[in-house]
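Order of writing sets the chain letters: A, B, C and D. Residues in each chain are counted from 1.
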Amino acid sequence: MADALLEVRALSRRFAAVDALQGVNFSVTAGEVHALIGPNGAGKTTFIHHVSGALRPDSGSIHFAGREATRLSMHERVRAGMARSYQITNVFTGQSALDNVALAVQGRPDAGSSFRFWRPVAAERRLFDEAVAFLEQVGLGDKAGQLAGHLSHGEQRALELAMALATKPQLLLLDEPMAGTGPEESARMVELIEHLARHVTILLVEHDMDAVFRLADRISVLVNGRLICTGLPDEVRQDAEVRRAYLGDHL
Amino acid sequence: MTQLVLEQALNGLQFGLMLFLLAAGLTLVFGIMDCINLAHGSLYMVGAYFVAAAAQAADSFWIGLGAGIAGAALLGLLLELSLFRQLYRRDHLSQVLATFALILIANESVRVIWGPAPLMLNPPESLAGPVEIAGFFYPAYRLVIIGVGLVVAALLYLLVAKSRVGMWVRAGAANREMTEALGINVRGLFTAVFVFGAALCALAGGLLGPLLAVQVGMGESVLILAFVVIIIGGIGSIRGALVGALIVGTVDTLGRALLPTLLRATLPADAAATLGPALASILIYLLMAAILFFKPQGLFPARA
Amino acid sequence: MAFYRPARWQNAAVSVSLAMLIALPELLTALDQSYYTGFATRVLIFALAASSLNLVLGFGGMVSLGHAAFFGIGAYVAAICYDAGIHEGLLVLPLAALVAGLFALLVGAISLRTRGVYFIMITLAFAQMTYYLFISSSAWGGDDGMPIYERMQFAGFSLLADEALYYLALGVLALCMLLFARQAQARFGRTVQAIRENETRMEALGYPVFRYRLVCFALGGAVAGLAGALLANLTGMASPNLLQWTQSGTLLVMVIIGGVGYLWGGLVGAVVLLLLEEFLLAWFEHWHIALGLLLIGIVLFAPRGVAALFGKHHG
Amino acid sequence: MSIRLTALAAALMLAGSVHAADPIKVGFVSTLSGPGAGLGVDIRDGFNLGMQHLGGKLGGLPAEVLIADDQQNPDIAKQATDRFLKRDKVDFMTGIVFSNIMLAVGPAVFQNQTFYISANAGPSQYAGAQCNPFFFNVAWQNDNLHEAVGKVVQDKGFKNVMIVTPNYPGGKDAVSGFKRFYKGKTEEMYTKLGQLDYAAELAQIRAAKPDALFFFLPGGMGINFVKQFVAAGLSRDTQLFAPGFSADEDVIKAVGEPMMGMFNSSHWAHDMDNAENKRFVADFQKAYGRLPSLYASQGYDAALMMDAAVRDVKGNVADKKALQKALEAKRFKSVRGEFKFNSNHYPVQNYYLRAIGKDAQGRVTNKTMGTIFTNHADAYVAQCKMK
């Protein structure tokens, strides 16, 4: 696994009496779309929180882009090139879509320090030009001036993506990007992710199996805090343990 | 020396128990309703005034104490129904402002009703002197305070830890939505807890009245101490409030008593004389900052 | 709440107010009411202090109940400077801001690790500590405070006349408000306001949230120190009363009356509160009761404050 | 936040002066609320009684007294003083109880060239290097009463004395004043200013077993200390000493019998045998229903002093030099008997030993036991370069 962009080793975490994650070994190879699936309560979100730095593991380590990241805070991981979108839409609803993305651009190290007290941001053309480009990339080019709070649900999800992209990540953590979207919006989102996948490595957590099998290069399955299987989509589809977990879960 | 330490330990216990009476109500209001009540100290002050006024009118300390507590409980009820209900769901800033406003109103009202000079409240005649225990004298009244404090603390502990109401209260502090979902009348519970807290305030105010002075502004200094107590103990935890109160009471008393002596032994007399009281007066704040640094949720966090 | 944006007519309103404030001392002297020059200076200084809290509270979203500590430290720096023979305001004022700012940096570095009520309480505890330290230190006058027998100079000009100090306070306030207005729309202001709205999201965009909060907190402390140094020169002393927690409460009240997070919130609140105090007091000795009721009314019915009229949040 | 109570002393009669239309204005800023309120209220009541005896006039001219509460806060005192000086343009200022507030307010008063007649606060600064032509103290220099106690304790042969005082400059002055005349062994204990619970200190006193205890705890602090001292049973082994202001009628009224047997020093006592004092004490009791304290006597004297000086300059209070001379001349009869002003405008006077006991009517009160100092000046006058 020489070219693993993200590598998680023996990650464990307990909450009170519950083993949320138990010795999870996991890796994302540069350039791939890696989907993480699992029944409800399997620990997917907990896992993403550990990768993004919102939570700290009890044991185990996380390596990103060839460097130990276990102790890095969330913003340090972002600066190292790891961006995430949220399961629940998490944009600044009182700002325009453009302002939202501009804020993300402004936070990037190559955009310069934000300890600037004098010059109005409005005068910084470059931030907004770039923000417009990202909005266009997710298909919101014509909604730049609208308040984020006034966008449709699907559009807000796309805006999330634009903000994550604006940090120019190497790895994009997408936490259920299709959650709550209608079939039409879902289809557009799948297209969008497909498009993005040409530029950036993606770790995708998703319930929508059609989307997962269409987008993923590899799939890992998390059940009850254990990673039971990693492989190509077809291998996973055939895996007995996966079938048991899923079917058992659903029946 | 052992006598000194013993006496100071008793003093610390007495101070700590009184702080506990104040902190108990505060920590529950804080923990269950997530409401900062800066006016808790004002309830203590108004309670003390009620007790002093009633004791004067009835010419009996104990009748005054009972009447004062009843009065403060009634005031607490009115406040809860009229104002605090509106505040529970507001942000902390609104709570800080509204209860700060209550302090202004309380202080000024007391000034209007009872005048700017402190009221004197005397302990019952029979308790005014010292009693001899194990070869040294200790003020009888302080012993009574310790006794009352211990009884109330024990009752409160049993109530919260063992009774059904106490279970609801604990459940409310740990998870309010869940408690509501279980069909418990949380509104009524809030009102009851608030009124109970007000009564405890008046009890502390009335008991301390004869030792201290019943005066405008007495609530503010004690309010801050009560906050320190519940922050140390963990917001919402009765056990935390008890432990925190005893820690603060003991540390403050022993600090004041022993620090100057300790410093005198190690520093030049002049420096010791100035540094001693300074250090003693900030000791509990240092303690709180240190505890928060290592345990940001206090010693006994009510919420996991 | 959205980010601050100035109302369209703000510039006009500010120019008119500034012109009126510049003419005020002349007017008062003409009316033989020069006592009110000192009073007006006091209002300006509290406007500065309240605005500095507004930066921390309104823009940074940090409910600090210990802001008076920085205010008081500024006053003490001025008094200590006087005592040490430093009489030049060009030195004293920056020094006061620096010391108060550094202290705020220290307090913030510890307090900002906590959240919510714990933050409120730990800032309060730090202020109490400072209060007791000054009360107990004989070198700085203890409970008596430290006198300033003669006001400092500024760039060689004497500030002995009330008018001179008034203009200095006005100038400092104007400069600070300009800085606050600029920063609110510059990168820093947008960053802290976004952090106020959604801390985690900003962290997830790669912003070192703690650092921005800390700088905001320290900046507020520094400006409060500036205000404290001016006040000490006005009253001729640095008193430990300035550090009391009720003083923090008063500043908080000013900001909330004026409007949390509105650029002019602190200023408007200070003006309203001090004018009420000065003129209601003569009418109604127990005006605190009225003030308390007014505050509760504001909380329950008009939580956005007076300055809400002066700056709009777009959307 | 200050309270302005405007008390207009009614006076309609002209009194043979060209300035009759302009009332003499007195700004009275004092501590009228909070733990120190008792002191300020006594000064105010004494001053008002003085004004009443003067028919509401000063030097025969109509007078107006403006009253403000400083809440024992220097900043508020400063604001109230500024208001009186600049807005109301008063001719005299008086009333302040506490030295730290006096020091905060003094510079503005002196700069405005207004005479300050202190009816209590007597900071050493204004007695020494910072003495000022516009400052007069009609009470004492702060150290004086402590010095007197020190002398008594020394003379009575106590060997092991404990001192309790708040940790603030006034408290440290008390210690140095006491030690100026007491040369034996001392142990000093500093408490928080405004402290009300003395359990920790009392335990230490019990352990140290001093034969005498000198305390200086103004206002409510002293009241609580004495109460708790007696309740702890310490009065059996330790003799209490205090300066007059910790053992005056206000404290006695609050504490009652436990005060009995305590020694204290004062320059005045309500049982002093002179005509002015008898009238003052009798009328004060009639007007306010309590025995006057030494603060009240000082407030009363302050009114008389202003009256005499205004009369001396024939109402021309604008002539500051003449007014200063008139004030220095001290042409009024004080309720404490004879005294005169030193070159630093502080009194040179006698100090007496008082003991608390029951009087003929069974009241617990102070009794004068003898004279400690005769014509005693303060220790700082040499540093005063005035004149």
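Basically, a residue touches a chain if its C-beta (ideal position, glycine included) is under 8 Å from a C-beta of that chain, and two chains touch if they have at least 3 such contacts.
Because the structure is a prediction, the values reported are computed rather than measured.
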{"item": "Third chains touching both chain B and chain A", "value": "C"}
{"item": "Chain pair showing more contacts of the two, B-D and C-D", "value": "B-D"}
{"item": "Nearest-to-centre chain - CA centroid comparison", "value": "C"}
{"item": "Chain whose average C-alpha position is farthest from chain C's own", "value": "A"}
{"item": "Between chain D and chain C, distance of the C-alpha-averaged centres to the nearest whole Å", "value": "38"}
{"item": "Geometric centre distance via CA averages, chain D-chain A, whole Å", "value": "76"}
{"item": "Whole-Å gap separating chain B and chain C, where each centre is the average of the chain's CA atoms", "value": "32"}
{"item": "Touching two or more other chains - residues of chain D", "value": "167, 192"}
{"item": "Sequence positions of chain C contacting 2 or more other chains", "value": "132, 135-136, 138, 288"}
{"item": "Residue numbers of chain B (touch at least two other chains)", "value": "111, 274, 277-278, 281"}
{"item": "Listing of all chain pairs that touch each other, if any do", "value": "A-C, B-C, B-D, C-D"}
{"item": "Contacting residues of chain A [partner chain C, same complex]", "value": "52, 54, 73-76, 78-79, 83-84, 86, 90-92, 94-95, 99, 103-104, 106-109, 113-122, 124, 147, 149, 163, 167"}
{"item": "Chain C residues within the chain B interface of the complex", "value": "57, 63, 65, 110, 113-114, 116-118, 120-122, 124-126, 128-129, 132-133, 135-138, 245-246, 249, 252-253, 256, 260, 286, 288-289, 291-296, 298-300, 303"}
{"item": "For the chain B and chain D complex, residues of the former touching the latter", "value": "1, 3-4, 7-8, 11, 14-15, 111, 116-118, 120, 123, 128-130, 136-142, 211-213, 215-217, 253-254, 256-257, 260-261, 273-274, 276-278, 280-281"}
{"item": "Of all residues in chain C, those that touch chain D in their complex", "value": "33-36, 38, 42, 132, 135-136, 138, 141-145, 147, 149, 235-237, 239, 241-242, 277, 281-282, 285, 287-288"}
{"item": "Complex contacts: residues of chain B adjacent to chain C", "value": "30, 36, 38, 83, 86-87, 90, 92-94, 96-98, 100-105, 107-109, 111-112, 220, 224, 227-228, 231, 235, 274, 277-278, 281-282, 285-286, 288-289, 292-293, 296-297"}
